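Per-chain residue numbering starts at 1, and chain names A, B, C and D are given in the order in which the chains are listed.
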Amino acid sequence: MSYEVRSLNEECGVFGIWGHPDASRVTYFGLHSLQHRGQEGAGIVANNNGKLIGYRGLGLLSEVFEDDQQLEKLAGQAAIGHVRYATAGNGSVDNIQPFLFKFYDGDLALAHNGNLTNAKSLRKELEKDGAIFHSNSDTEILMHLIRRSQKETFLDRLKESLNAVKGGFAYLIATEDSMVAALDANGFRPLSIGRMVNGAYVVASETCALEVVGAEFIQDVNPGEIIIINDEGLTVDHFTEDTQHAICSMEYIYFARPDSNIAGVNVHSARKKMGKTLAKESPVDADMVVGVPNSSLSAASGYAEASGIPYEMGLVKNQYVARTFIQPTQELREQGVRMKLSAVSGVVEGKKVIMVDDSIVRGTTSRRIVNLLKEAGAKEVHVRIASPPLRYPCFYGIDIQTRKELIAANHTVDEIRECIEADSLSFLSEDGLIQSIGLNFDAPYSGLCMAYFNGDFPTPLYDYEEQYQASLKEKISFF
Amino acid sequence: MSYEVRSLNEECGVFGIWGHPDASRVTYFGLHSLQHRGQEGAGIVANNNGKLIGYRGLGLLSEVFEDDQQLEKLAGQAAIGHVRYATAGNGSVDNIQPFLFKFYDGDLALAHNGNLTNAKSLRKELEKDGAIFHSNSDTEILMHLIRRSQKETFLDRLKESLNAVKGGFAYLIATEDSMVAALDANGFRPLSIGRMVNGAYVVASETCALEVVGAEFIQDVNPGEIIIINDEGLTVDHFTEDTQHAICSMEYIYFARPDSNIAGVNVHSARKKMGKTLAKESPVDADMVVGVPNSSLSAASGYAEASGIPYEMGLVKNQYVARTFIQPTQELREQGVRMKLSAVSGVVEGKKVIMVDDSIVRGTTSRRIVNLLKEAGAKEVHVRIASPPLRYPCFYGIDIQTRKELIAANHTVDEIRECIEADSLSFLSEDGLIQSIGLNFDAPYSGLCMAYFNGDFPTPLYDYEEQYQASLKEKISFF
Amino acid sequence: MSYEVRSLNEECGVFGIWGHPDASRVTYFGLHSLQHRGQEGAGIVANNNGKLIGYRGLGLLSEVFEDDQQLEKLAGQAAIGHVRYATAGNGSVDNIQPFLFKFYDGDLALAHNGNLTNAKSLRKELEKDGAIFHSNSDTEILMHLIRRSQKETFLDRLKESLNAVKGGFAYLIATEDSMVAALDANGFRPLSIGRMVNGAYVVASETCALEVVGAEFIQDVNPGEIIIINDEGLTVDHFTEDTQHAICSMEYIYFARPDSNIAGVNVHSARKKMGKTLAKESPVDADMVVGVPNSSLSAASGYAEASGIPYEMGLVKNQYVARTFIQPTQELREQGVRMKLSAVSGVVEGKKVIMVDDSIVRGTTSRRIVNLLKEAGAKEVHVRIASPPLRYPCFYGIDIQTRKELIAANHTVDEIRECIEADSLSFLSEDGLIQSIGLNFDAPYSGLCMAYFNGDFPTPLYDYEEQYQASLKEKISFF
Amino acid sequence: MSYEVRSLNEECGVFGIWGHPDASRVTYFGLHSLQHRGQEGAGIVANNNGKLIGYRGLGLLSEVFEDDQQLEKLAGQAAIGHVRYATAGNGSVDNIQPFLFKFYDGDLALAHNGNLTNAKSLRKELEKDGAIFHSNSDTEILMHLIRRSQKETFLDRLKESLNAVKGGFAYLIATEDSMVAALDANGFRPLSIGRMVNGAYVVASETCALEVVGAEFIQDVNPGEIIIINDEGLTVDHFTEDTQHAICSMEYIYFARPDSNIAGVNVHSARKKMGKTLAKESPVDADMVVGVPNSSLSAASGYAEASGIPYEMGLVKNQYVARTFIQPTQELREQGVRMKLSAVSGVVEGKKVIMVDDSIVRGTTSRRIVNLLKEAGAKEVHVRIASPPLRYPCFYGIDIQTRKELIAANHTVDEIRECIEADSLSFLSEDGLIQSIGLNFDAPYSGLCMAYFNGDFPTPLYDYEEQYQASLKEKISFF
């Protein structure tokens, strides 16, 4: 995934383990495989015989844990960890998770992937009642609800609190004697459980993290479930029975790692099928198929295979991270773009190219890549997008909450084609997407959340309703 | 290229520009696209109206130039830059190039890609005569020769000195009023010249750097040539006429970026052809073709295309850099390996897999990857290597100077197969390699250096001769 | 003050300013002059037109604000700042102040110098009622009390809360439209107000900070007072009238900077008088007076002046900070000590030396210095301590809360003399101390807290009572 | 010494040890006590059984050796070290010493304190003959001379080379089997030898370094001497017999640490005598004597003792390092000055103050301090300088090489008094200085270099002659 040139980002990945002598080190490996889900900061909280100890910091996991010393200090037989994505400017370590709380009656830690739709009103209510928040993340809310609950047991307090928060959430909680995972009633975010040879339980946002640590996949956490793991083993409970699958389709399209399985469907294979279906829906005569690295390579190879047109490396992404200083001239700014992604003139020169990408947000990136290809000598550039047009915002954990940034919200496919300067443009159909992924839950769209494409939100929007309605009335032109 | 798990590495990339108001910034972009050629350190020397100013440091380019301030100080209309590869442990900034010299009669700077075969004897001779060296790089030697030459002009001194040094070298020199490039008599290392829209001349180790900065390719520097660029324009001279092309075949196979052209041949296309040829030479019945990311993806797609077997993403490389702490247990060490590269069980499970890689050095990496695939459920793993077996060391700029590290130097293909635990193993033939690259210079092997595979060194080995002869007699077993 | 070799340390300094265009920069200067009060961390919160923005970090002020960029961001016409002392190991940035809170109804920030005696019970009570703390500092408590108070105005809530907390405290609070200072009912900690030429008000832990920023001293904050500063000017209010001065005598003896005035008494002059009184109380025949740098130089020069014995530089403290690695041998450990403080053999050789120090805690430092002098050739070393023996712990803001670390708690003066290997030893009398400082408040000991020396605590000890009583019964021997 | 506000600085300190199992750690301690002689950079070269290994870096010793790891690597039974002072802007690690050279016939390292007067012409000559220099320090010259010498033995080559370099120098050289020290023919810079209990020999710029490491003083290195230390013991040789003591008087006045002895004279005692003599030469009626911290405290206490006027702490220097950002307003700049040094109004208010300082360079610092005292309320400020007026530049190792920066070069004492806004001003007489130090070498000025005060340079000035003559003709006004 080329984060530098994209504007869609998800908010976080979580990883937890119970029952391993090197719990924090295993968590480090697991989080590393989830690094694509968040690069703003990372943290680990270890459970050392009932005492929770944590370390967190800004930056990539490898920057936060620069040497082995910090991991050395996080000794313990259980741990939870978190990688965080956040929009630029928020960069305070106060928001980096897991959050660790030291109460007179014990320690608690909390990690969260997702976005609450009633966070603002809950927070205001709590503050009015004397609560003090220390971050601007909505994750803290759950802990305030738990601590203020009048229920007797921790589990009952947790259930009450989980019913109070709305939206998309996958929580991972460390208590002194257990690890608890919980998923929202729609299962927007993926969350899976595995088991290691030594019996340790592992919970992770994606199954790729299970494979990295050598854990065998056991089951996905289902909507509305609470999973309690402790020295007695694993118990499945639930905080609601009013559930319905609505798995974020963008996980399949763009976010998740290709080697992960979500709800039993391999992500690479799903993407390859999207490419194949796209080839059938929108064929075009050309010399080669080129994928936009890295997230579109599966779809591109699918398109190539189905169409019989050769798959070529017409775009190369520099594997090294580049700093992007503010450049004084337009020429230097263009070089800065090519420094990250360049078109291979030795491959595309004089050729008709099918450029396969996974999605279009603003269109600026697509236009840039089309132009890179043309500057490198491509005769024609036919853009094929392996997902339907993005027309609506998301409030369940993806950071586009306004339609202003979505070119397809305001423009026809042909207008977009003109804007990105392509010779032709097609998107995958909604049905094509659903068929390619191939879920079969007894729920709308076979269990996928398609709101991004059709505005059919699976839940009320609460605090966001007003903002959403206003955005529907906005008339924005990208021209 | 997965540097963490490989043991072949090249020594450096160079980039220079003459006649651009932001010369250092353009050099920064150019060097970034050459970062794969060296990660130990980087530096830039700018020419500010005849005064040379430099900055260099250990680490990746983006670490050396952490913010814009250093580039800001390197103002000037010309610049040369360097990225350096070095074996671990040498880590002193004294060896980072370009070397900058301040003489009473003017400034000079020097950057070098390659390896001299008579460095040791030249250095001893010079030291006996009172010379003081300040690095343990062989690059300094040329400057001592130039400064001690009795010839009248700088150019004549340079020519005399270039005739004294032997081996593989691509030099880039900054003087107060010019930029000079020079290539050894065999052209072991690539070196190309481009021109920008504003008229600026650019010299770079690979053409990908020309594309990044928007320069049009003009010509390759030929064996034995000296290119002088100054305000008068570009002049082609030579220090010897006794030349013969022997371009390093490993540049095509492994080192160079796929978007570069070397001697007019696109690297991705050459690799794809190697894969196609390999498919013809060594077919096998299987369900899918999987390339080892990233350097073998072109060859793998070629194999897939030629064989008609689907190309799948059965191996995923983590795009984020991971620190490799020393791990206390075998289990953690294995997780550390999977953290960087993991097999996709959702793709390979129950399948017969053709695993395409570019080369085998010690065999340990290959065995690890074969095992990753098998642990992920692959039924059979057939390894296909898109180059001939590596049997001999290199003395022209690649850091394997002993046969001890080359499994193919001591073992048959079947022994290697056993060692890497593959179900079958084939290498590309020497002829297949030469045909796939398709050079047609009037020289042995059409202009390629094939010494790695057949020991046919295009030059005498000078200081290395003794060591080489000894290595031929060694009997080493990898079992 | 030689922090490296001492074990008494105070907890923090505060500085605030209202009404200055460069409020944060002035705060930086003010805090720098209070750096001796805390080196663990530092922070500044600025008020930018009602919006509070903050920055804090671990380390010295100059390490936290490494370049001008952070101060640049803290624009605003008011600011509060804090330097924190803490015992080793607690090193989390979560405890660094000022604490900044973002509520739905406005921003608040809080900085604190002192120690609460009922913190533990208050915190437990609050947590039972659902409060969540984010640091292990007792400073947060006040904010929870304020936010939970049912009073109508902020001022009334603050007053109620200040009456709930017990012990020693000097608070500095930033609201959106004012800066508020408050001092405990005994005035344990110093807190002074000044005014700048431009009309800006300044509040600081010590008057040296007023002088540094060019502010004229207006008044000390009195016990029980609340000072409200806003665009209307300065208002003096109070939260209790049940007050009685008990200024920490250790501020005069050791903590405060010599150029500060506390309650109108200059610290250097007070120390010099302690030295003079000590000379009268405990004369001894000798060749020279030597002060232990830096905190005892005033007392030593007073002793010299009153006794007529020459004042010499027989001990030199290295002005540069030294890292103290764990040294493998006893010889190296001794060198490590001398690296920081060395005796001047050229001065003391063959002489009878009066060594003046401000206090003795464990006695180990004194013994070390006596031995340094003897190794350098001193014939006799007569130790004179310019304060009475430290026999009791402190609970109002100094970090010795157990008698175990106080040699004088368990041993006679003669036993201590033997322990520190001095030829003679005398302490200043309690009366001598009170007279030398010369306060004249209508309160016990003229307004000084003498509990350190005589156990006469001016307040109940609340949560510490039990621990204190236990400590009285302990029998510890330093031999 | 208040480096931040002064403009006189010396170039370096050296330390070496032979025959100690922790040679580098001992060198670290020794260098730390010489840190006042140079803060730009530091380095250590250890001799590990004949192999020299080194580490150096920019910044204070404690910044260069941030943790124990670097020292750990510098194992060996001998070591030499260096702290370097340099004017701002030169900040390249290339100039940090010791310089370490790896020749085919062995390793050599070199550290240098001083300044050569014929460096420029020697370097040009050497470069014309093919030599390549890698720093802009003049230290490298000696190594080029040694390596080019035709003499047979290392010692003979060294002697020949030492006779070729002119000016002030104290060299410390590490060879594979010995440590060699050499001092110029006038002994401008101090250099002393000590011996540790275990028999190890130590060489250091100042005796304070001997004391720190517990070494007993043996002898000073005399002008023209070469000291060879190896496993056989210590040998005294010489490279010239044409010697005459001319010890830099500024070492006694300002540079050296008060606990050092130079030529058998303790620096603190010499300074105290300067103060006493000054009191006799220039008495004045006043309430107190105040020394400018830290370098003038000895002289001030001498003045107080001789005059019977009380010695008070009227100026306080902040012991913490402050960063000096460029301040946007004059008010902030003044606060920045006071942040480092402040006057104590509680002490000086309403008083007649005698301010004792060691020297006046430009006069700007003196004026600032006089004004600090007056702003703090001093009624009168009488400045007494414990050295004669500085009128001439120095070419032997102190960084004022022009008369432009010396107010006394161009102005009478009364003009200076006016400039610094003092009520009266007196300097110590030249005779008073010589008597106070009390050397008795058979040489002009009893063996002191007085050129700073009277222009009587003990040697020809070589490359500086022209520049010096020109400076004599300059007419600069400080008004």
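Here are a few things to note about the model shown:
Assume contacts are C-beta pairs under 8 Å (C-beta built on N, C-alpha and C of every residue); 3 or more make two chains touch, one makes a residue touch a chain.
All of these numbers come straight from a predicted model, not from anything done at the bench.
Shared contact partners of chain A and chain C, listed by label: none present. Compared with chain C, the chain whose C-alpha mean position is the greatest distance off is B.
Centre-to-centre spacing of chain B and chain D amounts to 50 Å, using the average Cα coordinate of each chain. Centre-to-centre, using mean CA coordinates, chain B is 61 Å away from chain C.
Chain C and chain D have centres, each the mean of its CA atoms, that are 36 Å apart.
Counting partner chains per residue, chain A has no residue touching two or more of them.
A complete list of chain pairs in contact reads A-B, A-C, B-D, C-D. Residue ranges on chain A touching chain C, taken from their complex, read 93, 101-105, 123-124, 127-128, 130-134, 136, 140, 143-144, 147-148.
For chain D in complex with chain C, the touching residues are 1, 22, 25-26, 29, 32-33, 35-36, 60-62, 65-68, 71, 207-208, 211-214, 257-261, 266-269, 272, 294, 297-298, 301, 305, 310-313, 316, 318-323, 325-329, 331-332, 334-336, 338-339, 342-347, 376.
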